[in-house]
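Below you'll find a set of structures to go through.
In what follows, subunit A forms one complex with subunit B and a second complex with subunit C.
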Partner chain A sequence: MTIPSSTIDGVIAHRRKSARRYRLVLAVLLTLVAAIFAVTLSVGQSITPPGDVLRVLVGEPVSGASFTVGQLRLPRAVLSILAGLCFGLGGVAFQVMLRNPLASPDIIGISSGAGAAAVFAIAVLSMNGPMVSVVAIVAGLGVALLVYGLSFRNGVAGTRLILVGIGVSAMLQSVIAYILQSAPDWNLQEAMRWLTGSVNGAQLGQALPLLLALLFFGGLLLVRGRDLETLRLGDDTAAALGTRVSQTRMLVIVAAVGLIASATAATGPIAFVAFLSGPIAGRIVRNDGSLLTPAALTGAVLVLLADYVGQHVLPGRYPVGVVTGALGAPYLIYLIVRINRIGGSL
Partner chain B sequence: MTDHLLVASGLTAGYDNTEILHGLDLTIPPGKVTVIVGANACGKSTFLRTLSRLIAPSAGQVMLDGKSIHRTPSRELARTLGLLPQSPIAPEGITVADLVSRGRHPHQSLFSRWTRQDDEAVDSALTATKTIDLAERPIDELSGGQRQRVWIAMALAQQTDILLLDEPTTFLDINHQIEVLDLLTDLNGTRGTTVVMVLHDLNLAARYADHLVAIADGRVQISGTPEEVLTEATVRQVFGLDSRVISDPTSGRPIMLPIGRHRMIAIGGMGDASQKESA
Partner chain C sequence: MNAWTNKTSGGWCSPVSRSNRMRSLWLAALFALLGLLLVASVTVGARYVGWGDIVAALSGAQDNIGRASVALRIPRTLLALLAGGALGLAGAIMQGVTRNPLADPGILGVNMGASLAVVVGVAWFGMSSLYAYIWVAILGAGCAAIFVYAIGSLGRGGATPLKMALAGAATSVAFASLVIAIVLPRGDIAGGIHSWQIGGVGGATYERILPVLPFLLAGFLVSLLSARKLNSLALGDELATGLGESVATARAVASLGAILLCGATTAVCGPIGFLGLVVPHICRLLIGVDHRWLLPFSTVAGACLLLAADVLGRIVARPAEIDVGIVTALIGAPFFIWIVRRQRVREL
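Our next item is the complex of A and B:
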């Protein structure tokens, strides 16, 4: 270590170093997303040369590749990225706000709420398109308020919120299972989507509403990102630093639920992506900067990668949610065990 | 030097259905050290939370320079009024320098970049609290005394003219307690920062306060100079404790000696006084 000539140089050097590390993390994650995206487009059951992939992307007809790449792989990959971004961002927003990795929307029932509403809207009310997302968002908010209301006492959320959430989530899961069972014309693939999440049969048309939701709700979150960060220091400190705690919290809930519910309406509740992205990003970023963007990118990497693994690496074909579910379950158990001992923070 | 005037009047606040403060009136003298004392759970933290707007009062108000703090934009308020809470939370693995930098939050906006001024504020906060050598260390690895100095550094980096501290010395050894109190007194002396703190130890409170305030039942029972406030009568009224108050030979400030029921010597030093009830 060099001894700085005056202490302020040390302070500046420390800050620059951490800003550099943060930019590096973002660059690496972006590169990963791009690389897996590229591989997904060109390597599947058959291999499409990169040149052909590019020609399909710019809209030229390429015999053999137009369908595989343009109709099958591209929509799937685009939807995976968008859903991953939404899940990652929505998940970490909740985890940071409630200072607990277990407070992720897919653990505390918000994803199940959105999923149950989407299934109900589609199977029972015969709705489709963006209306399903709207119903899912409303239901997600309803569940968030319900869980919040049941568990909040004097402004303190804690383990109670997580336990109540897990209970509500289990209830809503069985609602989904019940609706699926009593809608006999649904096939297994469709059912799997609503139970674990899947991008099978993805269409580019689904991407636009999801992109808009991401821009709107994600933008809202990023604008309030610094305020959200202060909540990690506790409500008292956040308020002392000039953050409007309850206003920030309301806004974060609405934005994060919007993200989670929109993604859930498109792909189903892809298991544990919201839950895993924040802690993984936290490990990489440490305290060099906001977790929001890194967690969103981590979500995209997770969904892209898990879908690829489910399709082409594992024997047989599995929807993406089965793969992420298998990844997330051990971590969930680890956290629950650990939290019993020390209480958790992100 | 600061002359910001912070005044609570008729402050009534609490949690959900329980009212904790019942019409509390207090004027904080600018540029002075005010120490608040009171029994456990009497509402000291609630009062500081209301001052920093975490809790909205159900009646009464807090005025800063004649303007209700609930009508001041929150960042603007946070540039004048800082608070170190009783139990602040450090994100896992955060380094001292990063934590102290968080104190700059109210000075930044969405598009503003980190400035030289921010670096200077962080540097001078680290230097004043003698934590500059710890700057790169994760805060979870520090001792209780070091950690408390880091939290104070964060509050200093906020560069507010008024600083509220909720029990900044709890859990510290006596030498670290004195270190923290001396640091805050220096801050008050050199920058003229108005310091308001909650302390448990009545003798330290009397030792370091310019203005001593005793709270009970959600109201200010008495306030004034330590000599006016720390009396046998007040200790009985506020803490329900019989005591003797004498003068500290070092500082001339009052010292409270609790009487209790045991291990007393009778006047003249005879007999087992533990069996006598105090009069």
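Our next item is the complex of A and C:
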């Protein structure tokens, strides 16, 4: 992919090719989401013909299919897509802003913070519904500011921020473990959700607040996407290009935490989706355009696919977070090896 | 020579030239504290038990609920004593071997490695005897230690403290995720989900403690005997070699001791983090950097801290109790952050 010549025509041709490739990537990812969505709806323990699925979606009562598709599969698939979009988008925003794939919310403690707050709100304060999301968002923001503030010392160094975040995350995870331990009447399903993330028992009612959060915070991020992209070049370059760096950063933090925390309140911290989506999308997109939308779609693909695999492909039934956790762990180790071998921070 | 000497010599007297009388005094104070905590650990719990019953229980009587519950607290206290000593000592060894102030069996992923190995053994190979647990845990701890050291020393600059800590912490996170992935779908693994994710000393029995004793004993012995070699290593590899020390052998032997301690402890208690980080730092402030004093000191102080954390976990959440691993994480993680935050994390 070298520029054919240094003429303006060459540059224009290259840009066109890039843009074409980017559109193609988006189209492929969208198709993938749609395809897995369709498969999730029609193939499960039993196979529902596509015609019946469509009729259920339109709202017609179909004997047999109405319950399995309408009550079981549809809420699950919708929630998976929404949570995946939120995790992917929020994760990649952090990774791009801090220029480090390890700086994803599920490693530096933001997901654990939102999770701990949600568990506390549900188990101790017996709250439910949208209030839990609000509590989770506030706690997530608090943790983000705490980690950022604690690692600030003549500027924020990547490694220091990640280590501080891991420390904070360890504390918050003990808090989650403590609450789960001291509330023994909780069943295993609930515990699974808060330890690793799960879409078991999803209901369509959960999807609406998540959709609103996605539209609001995601919209905010996409509108400021260009500013965020300039941050990739370094703070000084971004400032020189006319980006208001600290304002953009605050906005990105708020929006990304909003996304992560809302999704966490609905499905629990689905392990490593926020961490994996960005780098995978980066491999696909290369330098052809913004990472935000592709990473969000990658997140949706990951959650949908992992949930399907956990439910129907593996022997036994696994919550989605178990599958993504097993997937993310080797990648995390590979990433550490690569970072250390190349030397310095990313 | 190293960061700690420089840092602390400004304030009080220099830790290196600290007199042996001073150290002996501290050691006596520490033993007194240990005795106090041992008593507290036997007497304090969810149920209030009178002194008469406690004394009766100590001599073997179990004829009422109070006496029986005290009889349960005795092996638990013993386990906390052993595990705390082992982890404190292992932390001091790891910090000495890697000359890294951030080293700790939990942070460097060694405990999680042991935990993962046991979980894999139980889930996929039907392992069930405690002896098998211990061997597999030690194997896992060793593999994890080598793995993290290899990753941490890749690339330019070798094994710098931050790189090593990052490699260890990331490995630990990855292992923890695998542990959850393996244990969560199975309801039948001994101790359920969190005993292999967060360690504790609750439910200890003599039958569970006895098999690890030889391993712990070997670990304590190897570790404590490598004090002089660690002192040479602290001078830097070149100088240590110049003094006639075989650097690689010294490292390997000391690490083996630490791995024995971590593996055996994790096999019984599950992974307990951050204890090995905090204890040696506090001990260095008290008695200086000489490993001949530091290692025994860390052992006793580690036992004190774990006993204290266990007692605390029993008092705070009465009548329920908090696992000691949760308490140590809540105490230790801020400490970890504080060390990371210091201007520059230099080699020890």
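Annotations
As a working rule, the second predicted complex is superposed on the first by the 336 of 346 C-alpha atoms of A that agree within 3 Å, B and C clash if a C-alpha of one lies under 4 Å from a C-alpha of the other, contacts with A are read in each partner's own complex, and residues count from 1 in each chain.
Quick note on the criterion: a residue touches a chain if its C-beta (ideal position, glycine included) is under 8 Å from a C-beta of that chain, and two chains touch if they have at least 3 such contacts.
Computed from a predicted model, the values in this text were never measured in an experiment.
Steric overlap between subunit B and subunit C is absent once the structures are superposed on subunit A; the two fit side by side. Of the two partner chains placed by the overlay, only subunit B lies in contact with A:Val245; subunit C stays clear of it.
Of the two partner chains, subunit C is the only one touched by A:Ala177; subunit B is not.
Once the two complexes are overlaid on the shared chain, A:Gly316 sits against subunit C while remaining clear of subunit B. In the superposed pair of complexes, A:Ser151 makes contact with subunit C only, with no contact to subunit B. Judged by the touch definition given at the top, the superposed model places A:Val254 against neither subunit B nor subunit C. Ranked by how many residues of subunit A each touches, subunit B and subunit C are led by C.
In the superposed pair of complexes, A:Leu211 makes contact with neither subunit B nor subunit C.
Taking the C-alpha centre of subunit A as the apex, the lines running to the C-alpha centres of subunit B and subunit C meet at 90 degrees, rounded to a multiple of 10. Of the two partner chains placed by superposition, A:Leu30 touches none, neither subunit B nor subunit C. Using the contact criterion defined above for the overlaid structures, shared-chain residue A:Gly234 touches subunit B, although it does not reach subunit C. The gap separating subunit B from subunit C at its narrowest, counted between C-alpha atoms of the superposed chains, is 14 angstrom.
Common to the subunit B-facing and subunit C-facing surfaces of subunit A are residues 153. The touching residues of subunit C, when paired with subunit A in their complex, are 102, 151-152, 154-157, 162-163, 165-167, 169-171, 173-175, 177-178, 180-181, 184-185, 187, 193-194, 197-198, 273-274, 317, 320, 322-323, 325-326, 329-330, 333-334, 336-337, 340-341, 343. Remark: subunit A residues 102, 107, 150-151, 153, 159-160, 162-164, 166-171, 173-175, 177-178, 180-182, 188, 191-192, 195-196, 271-272, 316-319, 321-323, 325-326, 328-330, 332-333, 335-337, 340-344 touch subunit C in the complex.
On the subunit B side of its complex with subunit A, the touching residues are 15-16, 49, 52-54, 74-79, 81-95, 97-98, 101-103, 105-106, 108, 110, 114, 119-120, 122-123, 126-127, 132, 135-136, 155, 158, 164.
For subunit A in complex with subunit B, the touching residues are 7-8, 10-12, 14-15, 18, 99, 153-155, 223, 226, 229-230, 232-237, 239-245, 286-288, 345-346.
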